[in-house]
Amino acid sequence: MEGFEQFAAIQIEVFYWWCIAIMLQIHAGFLTLEVGISRVKNVLATALKNIMTLAVVLPAFYFVGWWIYNAFPDGLIPRMSEAALAALPWSENMGPNITDHASGVFWGAFALFAATTASILSGVLIERVRLSGFLILADILGSVIWNLAASWGWHGEGWFLTQFGYHDVAAAGVIHAIAGFFALGVVINLGPRIGKYTGDGKIVNILPHNLPSTLLGLMLIYVGFFGFLGGCIIAVTNGEWMTIYGNPTNLSAFVFNALMGLAGGLIGAYLGSKGEPFWVASGGLAGVISVGSGLDLYHPALAFVIAVIGGLMCPFIGNFLERKGIDDPVGAITVHGFIGIWSVLAVGIFASGYPNINGPEISFIGQLVCAAVVILLGFLPGYWTSLLLKKLNMLRIPKQAEMLGIDLTEIPATAFPEGIPSTQENGRLKMIMSKSKTS
Amino acid sequence: MEGFEQFAAIQIEVFYWWCIAIMLQIHAGFLTLEVGISRVKNVLATALKNIMTLAVVLPAFYFVGWWIYNAFPDGLIPRMSEAALAALPWSENMGPNITDHASGVFWGAFALFAATTASILSGVLIERVRLSGFLILADILGSVIWNLAASWGWHGEGWFLTQFGYHDVAAAGVIHAIAGFFALGVVINLGPRIGKYTGDGKIVNILPHNLPSTLLGLMLIYVGFFGFLGGCIIAVTNGEWMTIYGNPTNLSAFVFNALMGLAGGLIGAYLGSKGEPFWVASGGLAGVISVGSGLDLYHPALAFVIAVIGGLMCPFIGNFLERKGIDDPVGAITVHGFIGIWSVLAVGIFASGYPNINGPEISFIGQLVCAAVVILLGFLPGYWTSLLLKKLNMLRIPKQAEMLGIDLTEIPATAFPEGIPSTQENGRLKMIMSKSKTS
Amino acid sequence: MEGFEQFAAIQIEVFYWWCIAIMLQIHAGFLTLEVGISRVKNVLATALKNIMTLAVVLPAFYFVGWWIYNAFPDGLIPRMSEAALAALPWSENMGPNITDHASGVFWGAFALFAATTASILSGVLIERVRLSGFLILADILGSVIWNLAASWGWHGEGWFLTQFGYHDVAAAGVIHAIAGFFALGVVINLGPRIGKYTGDGKIVNILPHNLPSTLLGLMLIYVGFFGFLGGCIIAVTNGEWMTIYGNPTNLSAFVFNALMGLAGGLIGAYLGSKGEPFWVASGGLAGVISVGSGLDLYHPALAFVIAVIGGLMCPFIGNFLERKGIDDPVGAITVHGFIGIWSVLAVGIFASGYPNINGPEISFIGQLVCAAVVILLGFLPGYWTSLLLKKLNMLRIPKQAEMLGIDLTEIPATAFPEGIPSTQENGRLKMIMSKSKTS
């Protein structure tokens, strides 16, 4: 059977290879989404930030982040376990190694999770953040903070699991909520875009310059989400799937609930926003995130309902935050932060009592406590680090640059030098147009 | 060998998982395609319709559609077979079930087929259909009609196969043609866009507002088509591929003919349209559809020829329909409806006599009879249900709303609030531009 | 174990199936990239060229290209080996064959490599090449030239390997550099776009009309690159991966170095271009290409450094070529041509002495000699065939057509008939905007 075991190992490698490729599409999607949301004067600065997120997060995750994930399941004291030692950049597992079919692809999938986490932050800060300040925050979030969260709550021996029976199979808490609340902490120090609120506190709706681009971006993220979800399940060479908590599950369960969650979130957001396209399409993500923590457990009809609720809440949470002075152009604090927490709590409500292999059974209290820790672990470092950057004058671009547009002041290029003038038609086309058979 | 059988099962799960993800890209593609085809005043209404298609079709397919597919291979009387009972939403197979690695992913792949079917309809109706009316039609097509067609003609025991030896391996008839002729039925009741024909019956060419967007959309669909084609082949744990009719085949056959079909369709449409970009790019789809019914059977050079013919016919069929008063802005009735029928008939012409495992051999008469049933099964419900919606005033938006644009009257958002003004260049860029070394 | 061997065979088929699908996304990416780079007056001509590349290269690769790859490992004298005979279009392996799970998917993956090679050429020639002339060149490059290069340097028995120990695992030399230097040969005869240089030789910066589109295109190519890289590794049913040279390797190695190469290239190009978005995003490709030849060998930290160097060089090489009168609007001669050579040489510098299974060990001299052959094999046919086309007046569109725009003169359609006017907001939106709670 040696040939079979070996073959199984390379097939598992293939599975994560495609997870990585498809997750890269999330970044194409975020770029398209955020470019659409930006005003014309800032589109290149926005896009450059999305591209450079990959540039800084992937190496930082290689040198530091993977080790943090593997070393901190106990809390804030690192373990020097075999897994942690193998995650250090000078380990023989952290490079080409023909006897190791796992480390590279697992590292790669987690590296893309890190990049996604940082990209969730990126949209919140557009149109006024300094690129340098953002990249520092992206690295802290992508290579330190979410890694701690994942080590605690998304690891077979993490203390969330062993102490509280935490269940968050597709990382709605330890990726989405962490990123959302980190972003909330940052945006408090960053402040709203100039013109977002009038002098007497009235809200001004700053419109996306190209909403169809934003909608395409969200659609590309739907595709990419299947890479993300694939990275949330562990294949074993004996022919079983398990969750990151060691419970048996399978992709069929994921399919049912991901698709029903997608649909439910769209419907909920449609109802909640009265058909506002941005919220509707964002509701698709919110739906998948809503059911993410219990993707392995729900009946699909229940997943649909949980997702409808998640989607429905989005516009209300988004408007509430906006009224409180939180200027989040892409709604990520809502869709990833608050809905991520909804997802974690929903498991406590609807799957309480479900047994875990390596810890106490799922409980509402356990989910609630861990959700609170996730909120703090996201928010506080986001707040503190951005406060420090603010004091160092590294957080926000100068006021005049913001008024003129970041592209004009910071980017050595121009987005639409011709505008999009109406193009002319040629002779052959005119002939087609003037054809005149009676119908 | 138990470990191997189990491992094989999860690998099959993985294959369909990626089929589902890649098929989602078809929807990103349709959105991009249709947004490009719309005039600026309707782009958001068009996009919202594409997004909401997923929202309504996926749950309807869960609650009803999958059961219909499994229950009606005999015609209009449902069987209560084991497979049909397992497809009911309260069955233990229709949710997370760690002993069932098949139901979820098969359901998911078929759910995406359903969504694709509904999306084929969507483009035909843009710029004048009510969202509510469209979504009802999408659910009828996606969760009842094509399911019947598939149960009859794309099922190992369907009466098309057992009675007529029907062969339609990649669903050119039971998905593409069904959707195309359903759309034809609807568009007769819906009528052309205001301004499409002058008072004296002359055709006016209503131009896509962003043709490059449409071309990108078609390219994204080419990618997504490989998810669709993957969903048309069955992997067996003993290490064989078979068609949905139980005949042995493999992905290598699919690759040869899909790629040669793509190329042939492009060339045919280029020749037929004298290089009109929309028809050329649509011809790529038409090429793959042309060879879809016999994807497992043709020599690649023959597939190329069949696809050239399919692509070549497209502009002529499209123009013919236009002259007959059929206003199909995206050409879907042509590309999916008529070319889907061409595909079914081509198998009868070029592969007549080929044996089936579970029915009589392939014959031209068998393909012809089944093609006729497909046309009626698509057209009649499309016509009747849209007629009913028309009488209920639920089919078409008010005339004034259509004149002003659906976005302005129905959508609480605006697509391009700034237009795309020409952006300015900054100082550094001007320096780059004024560099002046002699070449 | 027969069931297992058989199952392994179909899993390998699945792997290349997805490689093919994901590689198609490279073409969606190139279209989006090149459309963005074009001026508005030429966008449809540019896009049509990308679409028709698939149309002409895939069949030519079927009829000729695959045979060339298999027949010429010895140089310019074809072998009539079993593999070469099996690649002839009338062979029973070159079509549906239920006993052959390999030929179709290998052919398909190579056919997409061929199309990618031709697409690298395509961007260089935009805004002034004739479609017919381009398609001839695309076929020569995609079905003859790179196939020879691959037969020599990317084949288990190629003379580059057996004589010089050539190592170029992800085809940075035999695909990217070949295409880049072929393009250089062509562009010398084609000449720069009108207006690119003033009468006294000053450089004019012709700006991309839609730079965000270009950046999305590059992001889509990043995703597609994982299909390309997947096609560069061979899976064996005994459960091993090997390079095309027969050396053991695995996908984990590829993941480490592809992601670190991507990040390094972005950082290098950011530094080298002072943050110019086009170069930064192109630098991501340049980074992956920089480490492509040794993707199986490098430590990830070394890959990162090699990619930083590759990315850093890009803007300087691009500007150097521009000063020499080479008008390459998409930078492909730089990113694919010169960086492809850098990749080949880097293996000679950093992995010299590494043993090969089927030839002498890797050496700097061997890499250098083969790099020189690659440059000549790309450049000379590009130069000669384009010179011939030029003499036949088939290379460049007439001057007046170029001034007016190719779309107006050659394409029976118009890209943006409405321009992108500012869209209006409706009443509900105004209400949202005027909401005025104090924050």
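Each chain carries a letter (A, B and C) given by its place in the written order, and its residues are counted from 1.
What we mean here is this: contacts are C-beta pairs under 8 Å (C-beta built on N, C-alpha and C of every residue); 3 or more make two chains touch, one makes a residue touch a chain.
Nothing here was measured: the structure is a model prediction, and the numbers come from that model.
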Given over half shared residue numbers means same and under half means different, the chain A/chain C interface is different
Overlaying chain A on chain B by their Cα positions calls for a rotation, in degrees to the nearest 5, of 120
Between chain A and chain C, the Cα-mean centres are separated in Å by 30
Where chain C touches two or more other chains simultaneously, the residues are 4, 8, 11, 18, 22, 207, 274, 410-420, 425, 428-429, 432
Seen from chain C, its contact residues with chain B in the complex are 3-11, 13-14, 16-18, 20-22, 24-25, 27-28, 31-32, 35, 43-44, 47-48, 51-52, 54-59, 62, 89, 94-98, 100-105, 107-108, 111, 131, 197, 200-205, 207, 213, 274, 322-325, 410-426, 428-429, 432
So, in the complex, the side of chain C touching chain A is made of residues 1, 4, 8, 11, 15, 18, 22, 39-41, 207-212, 215-216, 219-220, 222-223, 226-227, 230, 235, 237-241, 248-257, 259-260, 262-264, 266-267, 270, 273-278, 280-281, 284, 296-301, 304, 407-420, 425, 428-429, 432-433, 435-439
